[in-house]
């Protein structure tokens, strides 16, 4: 089986998008639209849980939002004025239905549903402890740890139990919870993963990105602050800050690749930042060429920026098919190698004999870059100069982004010259870390107190990594005894 | 929607059949065959869980055994030398997949799967207590209570934890559990529900009825004793008797209707007992008639016994279709009333002008009897004398049998004369309680210490009924907050 | 893959049942009920075509009537006051959906739907001729030949075109056709396959058996006569007899096995005839024994007749499971041999040490008889005497009944003694041909002009067999060029 | 139900793409890849028929190529070294499975499969005539007419019968036929619809566009000529020209919208032509503005051309979601109006306060243009100047392109000023017909003998339109009598 999006396999992947609304007339329909706008954050499964004042309703399934929620009956069953939803990406084999969110539990205080974007980096340790005390887990999801911590907390009020739970977890989390009493949204103390708040009529919305507000016609209010917990009930909206204040470290890769270009992230236009990265790249790493050609679609804004700064014409030298996005089996070896052209095809009539500046947002394993350069050479390109709109990705992420193990990251295995030879480009250059910070409006990276989490480039992780540490110390991984 | 088996709707229903095998080559295939032989004990859902020495595998689905386990791939996935299975009947609306057994939990000691036939009569009380201590339930099944009691037990060894759990529950239960260490089978102290033990080569089998042993080619060893816990491990078979000894009270209705006629139950042939009930009925309640006609198929053995004792010819006056067993929607009111003939049709050529003794095993609501008598009259029967192979069913069962609420039981609402008029029979008679015990080889019912549980006839319940008592005292029922 | 009905595999099989209604309020719902009552005549596929005064609607699918027509929506879509339906049995591989009836064609005169029970014995020759003239076939069904003959007929009026078509075909056919103008029902000149006519309110019904009239609450009017064509239109019911009169030869096997016991076939009760065959068999072939045991369910009426005539008690020595009727895959060789018990299980407690007269309706290949006798011996039977309620089946049927090729028929390969040894019975006997005719109320078979088609016993085929003759003369079979 | 691609609803739609290969090792896998590259030509259904030297195999289904052919088993079943395939777009209600191509018929000469791109403009008349002579149609497809003409032709050799059939039809057709003897490809005498020929190893390929050759790794040989019939058999490739020579009139809209930008159509790069149209438009209709913004993705090449010619920066002012392409139901009126943003969202941060030149390829009904202009205004655009890369579309197409009836075409209802006011643009301009021809390398349109079919702009249809004429003269449309 060959996927029809072979190049996407060589991207870092945001693992989740979340959306919640409290107090709307057709809450689950709005959540479905909002999740659709966040589909790029998780394409393997989608779920919605609603509360109708008496009962919780849930529909969760593998697949895209449009496929899972395209039946009137499904939306009608998700009754009630409040609902939360989740889109999920996950590595193969772990996307059993039991892990598809929102997760739900019947606590002694009533129903409790949760949608989580991020990763709890001490989940395995907490799970072992809870299990030994008699808690029975139904999923392999780190999110379920939070639920059991709430269920077994010694506190009485639900918000206190929830804060008690969060104080025991470490890592990155943006959470939206739905209970009979209200909706709770919160963001981890460093604000690693994004979360914004908006308004649609009288209803309050939380979402991973502003584009989800745009699509449902809502107004952007503000970002949820790092370490903030927002409680929405019949009594209104209340903000709590139960954690010690820390300097925020939001994920820098949201600006490079994860977020949609039409979102406003941390107060800046994602599209503008990407164009500015391209312009900065043109200044840092100029080259004499005929055309600036993006790898579609992720390289387009940076390529426009590069072209405008350099004066070299922007051209569609690679055409992307609209009909990729699901797997497509190919028998016979004879045709297997043909697969790469299903998604991208060189515009040969344009490329032939020309010197190309090829722009992509990042290099992960390098397998895609290799094929794209080869495709341009096959189409007759005279020279191919690759320019990358991010620094070399040399470290794994443990905060809710799917990264290959470190040994498979090209930049962890090779220096710049080796990489250029590997992908067979005439030249290869990455933007510098300080250049990236400049494109984001900073003077450069503040080494003592970096403004972003940039661990994937620098290896500077902003939290302890308990499970990772235990794993390196030989603690066996949690392996469920069921298939 | 009209079911194609309208008459079966008017039967008491055994709620479950269970089967387990330890140490076979293709354990799950044997379980599938065994469950198929027990299909009459539960026709709404079926499941199998196997253990391959490393992982547990499970497949559970709504529907029949043949439909759920007819794919090689499914059986192959249920790998390993040990497996347990379950067939389930349940009242409408509660057969969500989450309630289909075997249930499974990942305990701190490892995987634990359980298949249960019976009903825990203090499950709601225990569930409230566990929930308050932080246990999160995934089903509405009473069986899950046992699992959480095991998970949170203060004992160390799994068998001790299991016995600790059982000592807290009240009611009827035959259980087969599968763990990494071994298989545990047990029967409640009164032995209300059946459980037998057999051998197939070197493998040990547990099953609800002997017919399941026959069908898989196994040898019958013995019944599991009331209050006995049998442990099968690599070390061999070990019998424990952790409960105080009590006088057994096995369910008498197994002999009347639930068990297959080719099973041996409590040491006697079910077919012979049913014929003997028919003969006893002919002696107690004779009638002058042309033909003895059974309501097929449940009335056939008693009708043969009645015919042989009375000398009146046995005839197929009602023909049963082989193609009923699933629902069959009928629009239009015009055809709705036709539905009853889908299952049974009068053999008019035979019936016309004749005096009929009509034999059925029991009357529950009476709706079916009414229609059958009418059908015979429409076919031209001169007289219809109904004879029932059990005493009047006047009380609900709380031990794992689906009974209508008491107010819907015909015998709880009417005396004999009213019942005869209601079903429009020329005469109606039931076997006496003592006659029933005589057909079972006793001298009659031992009032001080009855030999069977006959609560559905006598109202004499052999255990306390905690949840039922609380419900009558106004304790609100457990209603899950999810749909 | 092992089917769960291994014994049924050793029966002759009626290939079709048909049902039509003209002028009812919810025609397709009535057809669904009627087909359900005819399900025993064809269990592999079912279809209904209705006409709403403007458009024809059709739903055809593999599987049983109950499964195919159990959704309100499907019945609602089959709108209109007239509809015809078909159930089909067919040998493996040929039941592609394109062959599932009713077949439909858009003729120049309008829509034309047809349901056919029987077999056209010169279909291949006609098809070759039509194909050469430009007719394009969509199925491999012999029934489609009739449609193309109608389409290309030189006559003008539809009834004339239809009669023109029938005069060119040879073999057995009962047909119900639905057109915009009316319903046409007809039966071949020898009346080989059955067809009856009834009334439900103002609506006219045609059906293969009277049981279908009973089940929908209709009144039996009469059989359609051999060679008769009945036309039902707005103008009323009209009978045509376009063929030269011939002496009828209805299929004798309908009385032995195909028809339901509660049907009236050719004016006699099928149940009574089968009991009388049993009685005749007891007179012709008596035996000293303890019990008369039927092979359920087909042997039951003859066993009752045998028991009443001989005075030996009728007993259920073999118990049949209700839950067979679909395939059930079994991996591993270890369990494959267990399959036979899925359908039938010996009632060992009864059988042990007894002398058994075992009654079945027929022996085809003998494979089932062999297993049943073995099962009784394994259960401890002292003697097994097999008595068969039909003469030896020694010839294939070419009139719409699925028979194995002649070489596989036990009676074509062995004499009586060899057969008895093959199935390992202590004795074996069949009813005589004249005995069978006597049970049907005749004095015996009229050799010069036999009253029934009994070709499967006697090899005396009442029509020429053109395709069969060509095949034996070396004409290659029609093999479609698509898979 | 609202589709997630609301804007695409306002495009003309190519109705089909076709692909065939003769003599490859895994023919059907290559066809699946080729059809995937042609998916933009038909997104509602896809089918493949193969021939393995003995049997034809076929798989046809509603939906996309990737979904229909993503299972190894399906491709394996499509065995053999030759195969043809088809993708189809069709208006709602007519895409019954019976119309999905390739169509297949068993002729007296053997199997005959055909895939057709185009439209037969006298199909209804021919169908009436064939039906009256006894031909039975299975589909409502115009393509089936060709098959029946072949089946009933008086000629003997298949190629002669095929040419005989084509001489009777009128309209636009590119056809690929598969028979046991060989593959036949042909193009109507005017070459209205495209068809190219390529080579992959020893295998010969035919396809609608060159991009399908690229994707499977094949080499482009040449276009099939208008009026040419190419026959590929074991004996090699043979070209026939059975029609009188005429001056070609290929469809001009292929260059504007239908073909993929990376295809070479009639010898020119589609991408280059579209950029040149944009440049021509900038010269013909200049405007003072801040940004050139394309309607993605169809407006992108023309926008790049316009920007390069005008010097105004090219910017992504509208972001397109990647996850549209299937329907997405929305209950509640509250959210219905939100649907338009599912596909396109304004890049507000960029647009705000700017003067925009908005480029699209065409205006059909105008509904989409209206919404896009509104979206830009809502996002704060100071001015919106719309420029269209084709002349006004004022006439329906009868040659295999789905066009709304004439009364719904904006340009047939309004003059330029009215259109500008309707879509609420500050200015609106279309390229001139001569400007379009110049962009294609001509000096302008040759009025006496136009180089292209441009009937949708000019109303100058190159063939007679028999069915259309009859319809206007009152001949009732062909309406099938089945639903």
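Quick notes
Chains: A, B, C and D, in written order; residue numbering restarts at 1 for each.
In the analysis below, a contact is a pair of C-beta atoms (placed from the backbone, for glycine too) under 8 Å apart; a residue touches a chain by one contact, two chains touch by 3 or more.
In this text the structure is predicted, and so the values were computed from the model without any measurement.
At the far end from chain D, in terms of centres built from Cα atoms, lies B. Centroid to centroid, with C-alpha atoms defining each point, chain B and chain D lie 63 Å apart.
Measuring from the averaged C-alpha position of chain A to that of chain D gives a distance of 37 Å.
Touching of two or more other chains is recorded for no residue of chain C. With chains as nodes and touching pairs as edges, the resulting graph is a single ring in which every chain has exactly two contacts.
Those residues of chain D that touch chain A in the shared complex are 1, 4, 24-26, 29-30, 32-33, 36-37, 39-40, 43, 64-67, 69-72, 75-76, 211, 214-217, 260-262, 264, 269, 271-272, 297, 300-301, 304, 308, 313-316, 319, 321-332, 334-335, 337-338, 341-342, 345-350.
Residues of chain D that touch chain C in their complex: 54-58, 77, 104-108, 110-111, 131-138, 147-148, 151-153, 180, 480-483.
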